[in-house]
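There are two complexes below, and they share chain A, which is joined by chain B in the first and by chain C in the second.
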Partner chain A sequence: MQFCALFAVWLAVFAGAFELARTLLVELYMYPISYVAAWILNGIGVQAALGNALLTSGVCQLAVSDVVYLVTFECTGIFALFMCASSVLAYPASKVSKIKGISLVLPAFLAYSTLRLVVMGVVARFIPDHIELFHVYIMVLVNIGFVLLLWLYWVREMVPGSERA
Partner chain B sequence: MSASLLFLAPFLAVAGLLFGCWSWISPLYMESILPAVNALFTVVALPVQLELHETALVFAYERSAGSMLRLQMHSYEAVYFNIIPAVALLATVSHKRIAWRLGWIGLAVLLLFGTHVASFFVSAHIALWDYVHSLAPTRFRGDLIVGLGAWFPTEQYALYSSALAQWNIWGRYAFVLGIWFFALRQEIVLWARDMADKQVAFPTEKLYHWRHKSLKKQESVPNNIKVKRAV
Partner chain C sequence: MLSIQLLECAAIAGRGVLLGLLSISIVAVSALLPLGLQWLLS
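== the complex of A and B ==
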């Protein structure tokens, strides 16, 4: 019960922090992820170009074939990262375990979010009619699956049982 | 990692299966939401109704003089798509009886239904004001502002917009996770890696009585613990 309440509290904390640090996160999270995704797309033969004209509005333009994605925070999976981090921080484990958890979650989500954009780029290149299907539906399910996968891995493999109350 | 992957596989399988049936589930669910949302509009005496014309969802606002303003809502299925991960998560919980799963799925769907009704209710406010804001300054716009302002206070617009945006972006999925965490709140504390090993060195039964009385009652202590205790 306490875990569920703390989960909600941490979500609220992240929501507040996000609003305060939105501009910073554009520079530190959104743009680097979009940049690497565009680089990977070009590397695998999918022509992609990244525009930064709208960065001040919190949006990157990722042009793939005839499709221009307006990459928002939602597209970068940062909110799924917050959910996962909240689950880790709310869990009644030691500080060391939580630090380990965040150290696992952060890079994992950077990689996942980059891959997510790459997948969307590939979809735009090869099956553009299915962009909405992937963006609104399939990626949402994968997001939740990935959040719980990481969290369960952390709880089961990285949190010693002796820490449990 | 394999244990965690074992969770992911059935979850994605069930979610995929439900998503395959989405074209059948979605209209049925929408049909059940419509009366609830419209009843809410009626209860609070707002001159708006939600109408479903085949696959087009429309907010029908009755302006003065009996004329109607109809605004179509796009991608409305995304509003209640979180039903799928919720059902898939609860259906694929291991070591739980069917009755437990069905009970929690029923409760989750009921809770989500409430949030979906609220989402459509709030969306009507936002859609109408968004439409007004998109119009060029004409007399029609002026009349509309006066008429709308009587029913939908402008000060609610900013609050509703930001609340719904946050909810849509991540709240509705965090809520699903929250339900899942709550349903499994007792089991979650047992998931740490070496819990089972630790139990061998202690009088397991007493330890569980001490720590997890409710678990003993529900006979949800993992089987491997019982086997080790017997040894």
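== the complex of A and C ==
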């Protein structure tokens, strides 16, 4: 019960911080992820171009073949990251374990979100008919699974047995 | 002491990156393989 309440509190804290630092997060989180994804796509032979004309509105344009993705915060998994970080911070573990958890979750999401955009780029290039399937169904389910995987991995591998609830 | 803890955090971060890459790669391969085969055969 305490975990649920703390989880909600941390989510609210992240939501507030997100609203306050939206512009900063565009530059520090969304654009770098989109940039690296476009770079990887070009590296593997899929022509991709990144547009930053709508960056002030919090949107990146990732053009792959005939498809132009409007990359938003949702696409970069930032809200799933907030969920995962909240579940780490709300868990009744020591501060050291929580620092380890955030050290695990943040880079994991950066890598995951970048490769997720690359996968969407590959889908747009080779099987554009399935964009909807991947974007709306598969990736959403995978996001939830990834949050659970990371949290459970942290609890099992990094939180000492004596601290587990 | 602090440097050891920083090193430990860096190692954990590396593990996080690997977990992230591995997870989405497994999903990509398992989801794209059948569709790729379908695309090749069509």
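The rule is short, and it goes like this: the second predicted complex is superposed on the first by the 163 of 165 C-alpha atoms of A that agree within 3 Å, B and C clash if a C-alpha of one lies under 4 Å from a C-alpha of the other, contacts with A are read in each partner's own complex, and residues count from 1 in each chain.
Note that in this section a residue touches a chain if its C-beta (ideal position, glycine included) is under 8 Å from a C-beta of that chain, and two chains touch if they have at least 3 such contacts.
Please read these numbers as outputs of a predicted model, since none were measured by experiment.
Visitor: Touch test for A:Phe79: chain B only (first), chain C only (second), both, or neither?
Guide: first
Visitor: Is A:Leu149 touching anything from chain B or chain C once the two structures are fitted on A? First, second, both or neither.
Guide: both
Visitor: So, does A:Phe126 touch the first partner chain B, the second partner chain C, both, or neither?
Guide: In the superposed model, A:Phe126 contacts chain C only, not chain B.
Visitor: In the superposed arrangement, does A:Ser87 touch chain B (first), chain C (second), both or neither?
Guide: It touches chain B, and chain C stays clear.
Visitor: With both complexes superposed on chain A, which partner does A:Leu115 reach: first (chain B), second (chain C), both or neither?
Guide: A:Leu115 contacts chain C only, not chain B.
Visitor: Contacts for A:Tyr35 in the overlay, against chain B (first) and chain C (second): which applies, first, second, both or neither?
Guide: So A:Tyr35 meets neither chain B nor chain C here.
Visitor: With both complexes overlaid on chain A, does A:Tyr137 touch chain B (first), chain C (second), both or neither?
Guide: First partner only, chain B.
Visitor: Based on the superposed arrangement, let me know which partner A:Leu104 touches: chain B (first), chain C (second), both, or neither?
Guide: The second partner, chain C, only.
Visitor: Does chain B (first) or chain C (second) touch A:Pro160, or do both, or does neither?
Guide: first
Visitor: Residue by residue on chain A, keep only those touching chain B in one complex and chain C in the other, then list them.
Guide: 138, 142, 145, 149-150, 153, 158
Visitor: Over in the complex, which chain A residues touch chain B? Could you list them?
Guide: 1, 3-4, 7-8, 11, 15, 73-74, 79-80, 82-83, 86-87, 91-93, 132, 136-138, 140-145, 147-150, 152-153, 155-165
Visitor: Considering only the defined contacts, which chain B positions touch chain A in the complex?
Guide: Per the stated touch rule, the residues are 1, 3-5, 7-8, 11-12, 15-16, 19, 22, 75, 78, 81, 84-85, 88-89, 166, 169-170, 173-174, 176-178, 180-182, 185, 188-198.
Visitor: Could you please specify the touching residues of chain C with respect to chain A in the complex?
Guide: That would be residues 5, 8-10, 12-21, 23-25, 27-28, 31-32, 35-36, 39 of chain C.
Visitor: Could you pull out which chain A residues touch chain C in their complex?
Guide: Against chain C, chain A makes touches at 96, 99-100, 103-113, 115-116, 119, 122-123, 126-127, 130, 134, 138, 142, 145-146, 149-150, 153, 158.
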